[in-house]
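First chain A sits with chain B, and in the next complex the same chain sits with chain C.
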Partner chain A sequence: MRVEYINPFVEAAFDVLKEVLHTDIHRGELFLKSATQSVLGVAAIVGLAGDVEGRVLFDMSAETAIEVASVMNDEKFTSVDDMVKATITELANMITAQAVTKLHELGFKFDLTPPAIFTGENMEVTDTEVEALIVPVNLPMGKLEINVAVRERA
Partner chain B sequence: MKTKMDFPNINERRPEGLDENGRPYRVLIVDDSMFVTKQISQILSSEGFEIVGTAGDGEEGVEKYKELYPNVDLVTMDITMPKMDGVTALEKIIEFDKNARIVMISALGKQDLVKKSLLLGAKNYIVKPLDRPKVLERVLLSLK
Partner chain C sequence: MGTISEEVKQAEGTRQGKVDFKMVTFSLAGKDYGIDIMKVKEISKANKFTYVPNSSPFVRGVFNLRGDIISIIDLRIMFHLPAEKKNEDALEDMIILRLEDYLIGVIVDSIDKVVGISSADIQPPHPIFGDINIKFIKGVVENEGRLYIILDVERILGGSEEIQKKETSIIPQLFEKKPEVAYDSKDEGELSFNFIKETLATFKSFFVSDVNIAWVKSRFDEWKGIRAAKGSDLQLKDPEEAEEYLETFYSPESGVFWSDKMREAVSAVLPDLSGGSISLWNPGCGRGFETYSFTCILRNRYPKARIKVWANDNDLLAISMAPNLLFQRHDIPDFYSPYTVEGKNGLQFSQEIKDSILFEYHDVLNPNPFPEVDLILARDILSFLPVINQQLLLKEFWEKLRPEGVLILGAHEEAPAGEWDVITTSEMKAFKKKM
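The block that comes next holds the complex of A and B.
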């Protein structure tokens, strides 16, 4: 996968997370994952279709999702309830919207699906046709993984 | 001796959400995200605005506006929503009340839709992520 697809997502994630969490964040080492990967517990998925196709997953543990939503709402949550899910969905929305703007500026044209949220334990995601690149982002609330599996449409 | 009556008290600043008669501006929030609805509602309520209604999609937004009319001063309108998008809902509200004051709430990258909305009669727009100064500034400009 060409790195020019993933950079806009990473830059957008950093910009948006810094703004909504009012905190410093650190990027971990980028790595390529095998076809099947575990999902941390709360994952927002956004699909891409057009010149570029595939999906982007924003993945974090339930505890991290609760903490992130608590900061964004200025209110303490204790479980992954509807408001926590709505907050993480909106976070995924803001990050992808910003990334897509950058990709459009680079000349790639495509549409996005609305984000869907998966929650649960022991989940896995398998991409058989597209390799996935993962960028771990270290937040004070825990780790968030930006997992991008996209390719150019043949 | 001067009494404290002589000094303006900075704590007595009039909340931004009140009109010249001290009456709260009445706001309808149209957004499919619980999170964004709550965020806007908290920011505006803390300045004295009154949230008179919320709607989760464009269709419900238009209905709520008609129900509330004329007792509504401002609408915040999300652009991407199920059933009916915010631009269509804006058109329908303006059709019904050409003086409606509507502020569009947009994600980044929707410049074309924002432009279209402004041409159709939206008073202003706010790009997410939302923050307090940005929301208050754009909302107040739209009410002037």
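The block that comes next holds the complex of A and C.
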């Protein structure tokens, strides 16, 4: 993954999460992964197109998703209902959009696809031919993993 | 097959004498051995032992047996017997021994059964059983047409006079014992060489293989002299000593802008341009000094060509610096001046050079998603990957390089002669695909 892309994603995730959750967040070590990875339970995916092709996946457990949605809506949720899904989708959209804006300022032009959300148990994601950058984020509500897999258009 | 106790009964039935000695039998390199059942706590299967650095080769590591940490000894390695190669995931047969107050696990080829015999039938050992030093053998016994060699585990794994010592002390103790077993001096040299190999891997993740064995061997001879002069032994005891050993391994002008001498050497091995473009893959580019140097050399050599450089490293910190590398005028040889521009905080490479290079945070062992290249620059990269990954990466180099392409490895690294031709100039060595 192009070095210049990494910071915008990390910064955007921090700015947005800090703002919407009003809390301190900590980042784990970034790392690369290529093989199949397990997905925690609630995964929002945003596609990228333009100078690059790929996608960004936001992955967290159902409990974390419920708590994050509760904080963002100032309302208590108990299950992963439509409102929780809509909230997580929006969060993914906000982070990716801010990252793409930062990248645009640096001269890289991307477009986003509308986000989609997957929920379930024992899910896995496999990227063929692209390696994924994992940004682990520790929230008071639990762990959120941002999984960015993009490559330059040949 | 019945249960073990049935077999024991059966075995007992066939014996004339009184059964007063039972042993667990197992095989090592096709021969049958036995250990007194009173010393055996249990038998078990396990794998993935935790490696203990700087231990003897026959210590496979430690293992958590339901909360007890026990050392695992590979009897085959200890006795210099051939061990069958198992997959990494395959389970090893282990006998857990209870010796006085500690447990120790020994790995054997396969565990057979429990055999009951009369101790009166045990014959004294005879030197003819060559594989294992006679002092470790308690005796030999015949049972149902098979000859079992009974091992004296306390002599092998402790020495009765010091048996009270804790498990942790058993390893050096074993190690001290080794010279008593008569080796000729060649074996000893090979042994220290193997220690060096293992400690380099542990301390510096430097893996000895065909890629670098020639250098490691010649350095070993030098090393003997260096250490003898200092009066210290050959072994590498910490990362600093391992680094000292590797001191002369690193290629000249690593991690700096290349001097004119280096530039000329590199230019000499560059191929003639076949199309309108030239591409370079530079895995392990670090902060990018060599990548920029090489790119400028390419620009100079092929003024009209379209240049494309894929530079990657899995060290995020290092490669983050690469795209906007800053330096001062006096840091660089004059050759590079035309390719630089003055910025606010110092000198940078020109946009044209920067646009040719794509710095990526990337692990070369993951798929490398770019087309064939004309040149590969991978100095001192292979040696720091585990041997299996070295082979994978060499294969990847072979696949990614165009037929006329050139591979540049570290100054002390070799590509396998079966697949690569060496092109040598007075200054450096490079490789071409064997067609």
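Criterion: the second predicted complex is superposed on the first by the 154 of 154 C-alpha atoms of A that agree within 3 Å, B and C clash if a C-alpha of one lies under 4 Å from a C-alpha of the other, contacts with A are read in each partner's own complex, and residues count from 1 in each chain.
In this text, contacts are C-beta pairs under 8 Å (C-beta built on N, C-alpha and C of every residue); 3 or more make two chains touch, one makes a residue touch a chain.
Predicted, not measured: the structure shown is a model, and the values here were computed from it.
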Superposition on chain A - do chain B and chain C clash or fit: fit
Contacts of A:R151 with chain B and chain C, given as first, second, both or neither: second
Partner chain(s) touched by A:V39 [first = chain B, second = chain C, both, neither]: neither
Which of chain B and chain C A:V3 touches, first, second, both or neither: second
Partner chain(s) touched by A:L139 [first = chain B, second = chain C, both, neither]: neither
Superposition-derived angle with apex at the Cα centre of chain A and sides reaching chain B and chain C, degrees in steps of 10: 170
Contacts of A:E129 with chain B and chain C, given as first, second, both or neither: second
Contacts of A:A97 with chain B and chain C, given as first, second, both or neither: first
Chain B versus chain C as contact partner of A:L30, first or second or both or neither: second
Shortest span in Å between Cα atoms of chain B and of chain C, once chain A is used as the common reference: 25
Chain A residues contacted in one complex by chain B, in the other by chain C: none
Residues on chain C engaged by chain A in the complex (per definition of touch): 314, 316, 319-320, 322-323, 358-363, 365-367, 369-371
Footprint of chain C on chain A - complex, ascending: 1-4, 6-7, 30, 32-34, 128-131, 133, 151-152, 154
Of chain A, residues touching chain B in the complex: 16, 19-20, 72-74, 82-83, 86-87, 89-90, 93-94, 97-98, 100-101, 104, 114
Chain B to chain A touching residues, read off their complex: 33-36, 38-39, 42, 80, 107-110, 128-129, 131
